[in-house]
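What follows is a set of structures for review.
The following pair of complexes shares a single chain, chain A, combined with chain B in the former and chain C in the latter.
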Partner chain A sequence: MSAEPARACVPWAAADMLGKLTWNAIPFDQPIPLAAGSLVFLVLIAVIAWVIIRGHLPYLWHEWITSVDHKRIGVMYTILGLVMLLRGFVDAIMMRSQQAFAFHAGGYLPPEHYDQVFSAHGTIMIFFAAMPLMIGLMNFAVPLQLGVRDVAFPTFNSTSFWLTATGALLVNLSLVVGEFSRAMWLPYPPLSELRYSPGVGVDYYLWALQISGVGTLLTGINFVTTILKIRAPGMSYLRMPIFCWTALATNLLIIAAFPVLTATLGMLLLDRYVGFHFFTNSAGGNMMMFVNLIWAWGHPEVYILVLPAFGIFSEVISTFSGKPLFGYRSMVAATMFICLVSFLVWLHHFFTMGAGGNVNAVFGIATAIIAVGTGVKIYNWMFTMYGGRIRFTTPMLWALAFVLTFTLGGMTGVLLSVPPADFQLHNSMFLVAHFHNVIIAGVLFGAFAGITYWFPKAFGFRLHEGWGKAAVVLTVAGFYTTFVPLYALGLLGMTRRLQSYDVAAWRPWVIAAGAGIIVFCGALACQVMQLVASIRQRESLRDLTGDPWNGRSLEWSTASPPPAFNYAVLPNVEGEEPYWQIKRRAIETQQLAAEPDYKPIEMPRNSPTGFITAFFCTVTGFALIWHIWWMVGLGLLGAYVVFVWFAWRDRDEEVIPAEEVARVDRARRRVRAQWLAHNAREEWLAVHGQRETA
Partner chain B sequence: MTDEQHVDDEGNLGDVAPGFMDAADHSIREGIQGYLMGFVLAALLTVASFLMLHTNLIWSPGIAVALVVLAIAQIGVHLVFFLHLTTAPDNTNNVLALAFGILIVVLIIGGSIWIMNHLDERMMPMDQMTQTDR
Partner chain C sequence: MGKSPAEARDGASSGSFLRASRCAGVLLLCVVSLAGCAKGILQPEGPVGGADSKILLDAVGIMSAIVVPTIVALVVIAWWFRASNTRARYQPDFVYSGRLEIIVWAIPILVIMFLGGLTWIGAHELDPYVPIQSSAKDPPLDVQVISLDWKWLFIYPQQRVASVNELVIPARTPVHFYLTSASVMNQFFVPQLGSMIATMNGMQTQLFLQADHRGDYYGVSAQFSGDGFSGMHFIVHAVAPADFQHWVAATRQNGPVLDRNGYFDLLRDSCDVRPFTYRSADPSLFAAVVRRQLPPSSGPSVGRAGPGVRAVGCG
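Entry: the complex of A and B
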């Protein structure tokens, strides 16, 4: 610990009790973070006060915070992802505007603040926006699509969510208490070592990621178990919807890759806290090992994010083309191919680190080959649309925007996979444009498509189409205005992470990119308006039947929103598109299947375990960051006591009586029967008439 | 749904791991026997690896290889006797998970060793570097 720098001396005696934490940690001299932090804090207080005054606290506690229902947890994950997306977007606005002003000038963000902004932007967008959005949608849709009542370990699931929320909280806390990392979104040593980053910023980053990483790993275990072990009767592997397949691949990748991240960051923590030398410049350390290991996690992570999005697009494109997915089996094969090969390409993130030609060639070729798997998928989506009756709804527009834009990003990726080209483009704005091209077009468009697609299932009413379409158009326009200039800037030689610059040729492109962010702001406004308009017009947007899109997989066979137990009777799966078959049989026989024999259903009981564990983990994380050792002990003890208390509980299930199940399901059947009487005949004729003339 | 079906229609015990407690017609006594056998084997393998270092039973340059062999045997004993890994149909997922895990470990460790050893490929030999730099 000798490398620790002398901190400002504190006049009061309690200072030792609080480790490194002093009043100096609050950035009174920096108006921007202080104002932003105070505003967020006030909004938070206001929301909590409103909840308590209006008496919503018991409802929130019983129905959401302690809920182990996969649908509720999925919704909470998605909300967390959207809020963090907003936070990361604010960082993006700051970076683009800073660069727009910083020609031959300092701009308005001093370098040490600018460095925090881009580090926070990357960290938040990947770990606390993209990951929660994808995990949230998997949480919501996978058990429904598999035709089961919940995931394998429901309380685990709740714990995963609250641990992720802990990480997000710690990252945002760094805005007002202390500082955030200045060492980029992947904290490369030696910059992230104690000697060059003596502050608490890197510690905030590391502990936030370690804690939320445990949550993500639990999610991975939970979902692999669910998909392999708990499926509706008759749902063989090759009858699972493609979203379940991509979820399986993603969670296998989480299980295989996240321990690598935890171990790598753990070694950096040992370096920083107890004077180890894994990645230091001296005493036998090797900082290049960090780069190697972090990308052994980092590349699978790319596919952890994008594979669920591929699944969402498959569902959306198939549903709105009115056709089964083209080449289902090739889609499964391509997904599993990507799952495996994603572990064979990590060196392409550091071609320039100094490995010889043989190594670079092998990894470059592997990188070009992995694009084949994605290429197969692109063709499958196009052939699914070919000859279909396409309905251009908002989710479908997101999917179309994705196919066009993502293909562009994929092509620049193949370009970067050629080592000699990469030597020119490495660390340039071209690279920045490339990965935003694939992540925004892939993951973000996928999340928006998934949210608009499953929103009626989750809340019982559709999202407003007009505002949704406006959001798609503005997002796509904003994307191209922002990132095409960045491609050009990369080719002009601009490197990433510049706080100021003085090359006149870059100026127009930087300003164009800045204008793009304004278009993005318009898209954001449309998204907010979409939500507001949808809630105000929810009666006219109501989804009565539970099948608003004429869907094909099982989640559309239950009510919207689904009852806590999802299905009154577990569906019997007889083919690849079980609900489509049930629906067709009902239309052809003009009646619903016979009423089943309702039985009582056992459901897992709600539990505050996840929330309380995460509370103690937040305490532990905060204490570790500020070296408040007694509080570390307290937090760990608290978390352990919660675990023991949970293990000793004697009632872990609740029984929903058969009458209740019957009442809920009969209401659903009544609406279905009405729908069948009114619409089914015409729809049947429309579909079949069309087919015969085509 | 259940994957715990070890008994076929005639009541014959399927292919179950030694010490598998949940299997039908499997007394606690047999279960304990299985665990004891696993414990003895694991202990023997541990003792063997320590013995090797301190005696001349093995040609000294071969000790490293022998340790690797014993370590892999130890992993095998743990998998079979304590984690109940078998080749039975109900265990396909576990075997596949193990295979996937081994594959990833081999890829990451092998790849890392290859990459890290390759990093001096483009470096000038040390003696020449000191001549040109100074």
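Entry: the complex of A and C
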């Protein structure tokens, strides 16, 4: 076979300028991606046009795009995560409906398209929905909880976000320019090697992940530094809220695991671009190395996602039970235990490669041992609720739905850790059901709990409770109608990623799972309605005091939304749950603490560095995918110049004068004083009255 | 599987709990699968499948003993301590209890220790490379398996015949599989017979399976391998040993020849291949594939270097 037939059929010389890119790259003959892509493109153009015409561009540029404020970046991460969640959900609808129609038939998606859909679904959901949601919530809440003004490296933080957005953009670009990977969400070689995946799909995957991976690694460094080095006075490690502990564990995992991912994908890139033989079928390549390496990142990744969610649930359950977290130190220990052991279990993803009894047994037992840490957490959440006064708000309902559903998912996970059981369930629909069980119930419910919990802090008004509760109920119902059938299908021997099938016994279950997706659509509608209704009724949902939930950690002590500098003076922390102590003291003494001595505050200046760097990285990534080498050079040069320019800046901070700080904080104190006058007397009586009876 | 008398005695003493837990497991999974009539891994037809699913149900049972009460307790506690329940006592200071902490850590640890034992024994006894202890006098039947894009090739080195997408084996006789791949990774899996195993280019894996009864069993690839993956299934016909000899004799009568040229023909991409047999097969072929003396398949011939979405090989 000729190596380069494409070059020969290019009719004009200038085509070399564009590498592999020709009009063939646009799928004019494929109505589904073309229509979907055009729709997205039109919506995007409409939004941009609206922004420009209404004159919002300067506001967007100064307040959001160039913002280095951790709260703004957190919100942008979360929005990116939600948008990508929607994209991944559309893929899910396509997969479930394809299988529902594909009994003894081709369905409506041919294999070459279906394979892209499930590869994109996994990639997008993990890297561009779940990760941004968790990182976004950490971004928003961690500095507030630590009682500080920002993260350690604010401009890096902005760069991280925009690099993640670059990755998401490249993945979505593949919808209309070229194709996406057909080699699964983890591109196992040799299928992902040039020989078996000659198109640009795998390259889209690899460069999107390499670029966003840099952003994620920067986030990890940023947050570990922040948590270890920047905390309010008096906040020792064992006074940090549990969410900060889980964020610390997650970011330690990011620092340790993401370089492994980058190196592994880098080796695959070398194979694909310059003819190396790390994982090929020839010249001594060995694909088992890839599988080991990718899971050495992949398993910690699961905990990178779920640990912050555990933190959110801990905060939510404690707040809405009206109690401190039960066994706080035990929870910290369990978190760090999971953080460590998550690196020792990767082999359970390929028990069926024939490693032998000893190896399989050791990794099976190590996997089950991780469940100890999770089990401890479940019991501690249970005892947190025990003796509480539980308010069933939307975040609390997400948390309860999580504990109940996740326990089942954990159980099927431990089941899969037993090698002989895995020998029959590996890569089956049972496995698919299992990891959706833990990721939906853990990460997604966690994200929704976190969003509803911190929404009033971010925007100054609460989300609508009725629609929120309806969303919880429908999501849980949708989850069980979709994934219980998948468990059953796994037991019936159905493997994952089938574009069509001819086993009659599977059919009713496949259709049931398809019906579950319809329920999920209802849940999505409720989420949208929740947002619409909340914005319409924002005046009645307004959070005036900054403490809408009767919270316990520091973020509730500042205004909603917080000022750019978070705290007029850094709070002095004297124990666990510092804000709860401040509140108790105010109620006991019936007055706020004395007005502090306001001083000017230095805050980092906004910077377009992140955005412009990401722009050049997008150019570089696109050029690398299409082998447009001059453009690669241009993009790299641009990104480099931006950083040199940033490094040469002579003014990196701006000062907020003391009067401004005083004005903002006095407004907050006025509202607090009103609250104290109205409610504190009753609270005082309630507490003291109860002590007498007790 | 053969058991020594001592093992059997142990089994009897610890068996009652396991039996009870297994019942719980079966119950739970039956609710899930309602699959009395459907053929899956819970309707095993061989010793490996039987042992695999027994361990699966044991593990479910052991965990259910803890997980079910925990879920019930969670629901009861969450409901009883609702803010509107005036009979529930508010205990905001109940934040630590050393005794409870010990229990909280001990329960999962005990479960995992128990499961760990199950894992250790299971991982060794059911290691795919471990031969099946069989009462059959015949030695195991050797079958060499090569996964190709996108079909399965089964070579019978002793009988010198081969088949594609159809595997005929004698019932009640252990089958010793040697497996490799001519292109990308696949997983050889017959759900009702038991464990699956990966097939990888340049490497050989092994697997022992046995069908206890005559019958047709559905087999699949459990590892996505490209555009033709969905069509990569096959039927296992377990027949009486005498019928197996008849099948071999009949197969030798007609069909193509699997020599190197025949193999190169087969190596080309094809989808949804109807089962067929080779009247003669080169027994050295498998080793040559494992040692990479024969080249791996060359991948899709359509779409190479082309940017667009195109069907490859299956068009």
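Convention: the second predicted complex is superposed on the first by the 677 of 694 C-alpha atoms of A that agree within 3 Å, B and C clash if a C-alpha of one lies under 4 Å from a C-alpha of the other, contacts with A are read in each partner's own complex, and residues count from 1 in each chain.
Quick note on the criterion: a residue touches a chain if its C-beta (ideal position, glycine included) is under 8 Å from a C-beta of that chain, and two chains touch if they have at least 3 such contacts.
Note that the structure is a prediction, hence the values are computed from the model and not measured.
In the superposition on chain A, A:G354 makes contact with both chain B and chain C.
When the two structures are aligned on the shared chain, A:P233 is found in touch with chain B, with no touch to chain C. By the touch criterion defined above, A:L491 reaches chain C but does not reach chain B.
In the superposition on chain A, contact of A:T216 is made with neither chain B nor chain C.
In the superposition on chain A, A:V403 makes contact with chain C only, not with chain B.
By the touch criterion stated above, A:P110 is placed in contact with chain C alone, chain B being left untouched.
With both structures placed on the common chain, the touch criterion links A:M385 to chain C but leaves chain B unconnected. Looking at the shared chain after the overlay, A:M288 reaches both chain B and chain C. Comparing chain B with chain C, more residues of chain A are touched by C. Of the two partner chains, neither chain B nor chain C is touched by A:Q530.
Residue overlap on chain A between the chain B contacts of one complex and the chain C contacts of the other covers 286, 288, 353-354, 356-358.
Chain B makes touch with chain A in their complex at residues 1, 3, 93, 100-101, 103-104, 107-108, 111-112, 114-116, 118-123.
Contact residues on chain C toward chain A in their complex (touch as defined above): 29, 32-35, 37-42, 49, 51-53, 55-56, 59-60, 63-64, 67, 70-71, 73-75, 77-78, 81-83, 88-92, 94-97, 100-101, 103-105, 107-109, 111-112, 115-116, 118-120, 122-130, 183-185, 187, 189, 191-192, 194-198, 200-203, 205-206, 218, 220-231, 233, 292, 295-296, 298-301, 303-312, 314. Taken together, the chain A residues at the contact with chain C in this complex read 1, 4-7, 20-22, 24-27, 30, 33, 110-113, 115-116, 178-179, 182, 184, 188, 190-191, 195-200, 281-282, 286-288, 321-328, 330, 350, 352-354, 356-358, 360-361, 364-365, 368-369, 371-372, 374-376, 378-380, 382-383, 385-392, 400, 403-404, 407-408, 410-411, 414-415, 417-421, 423-428, 484, 487-488, 491-493, 495-503, 505, 626, 690. Per the touch definition, chain A reaches chain B in the complex via residues 228-231, 233, 252, 256, 260, 286, 288-289, 292-293, 296, 340, 343-344, 346-347, 353-359.
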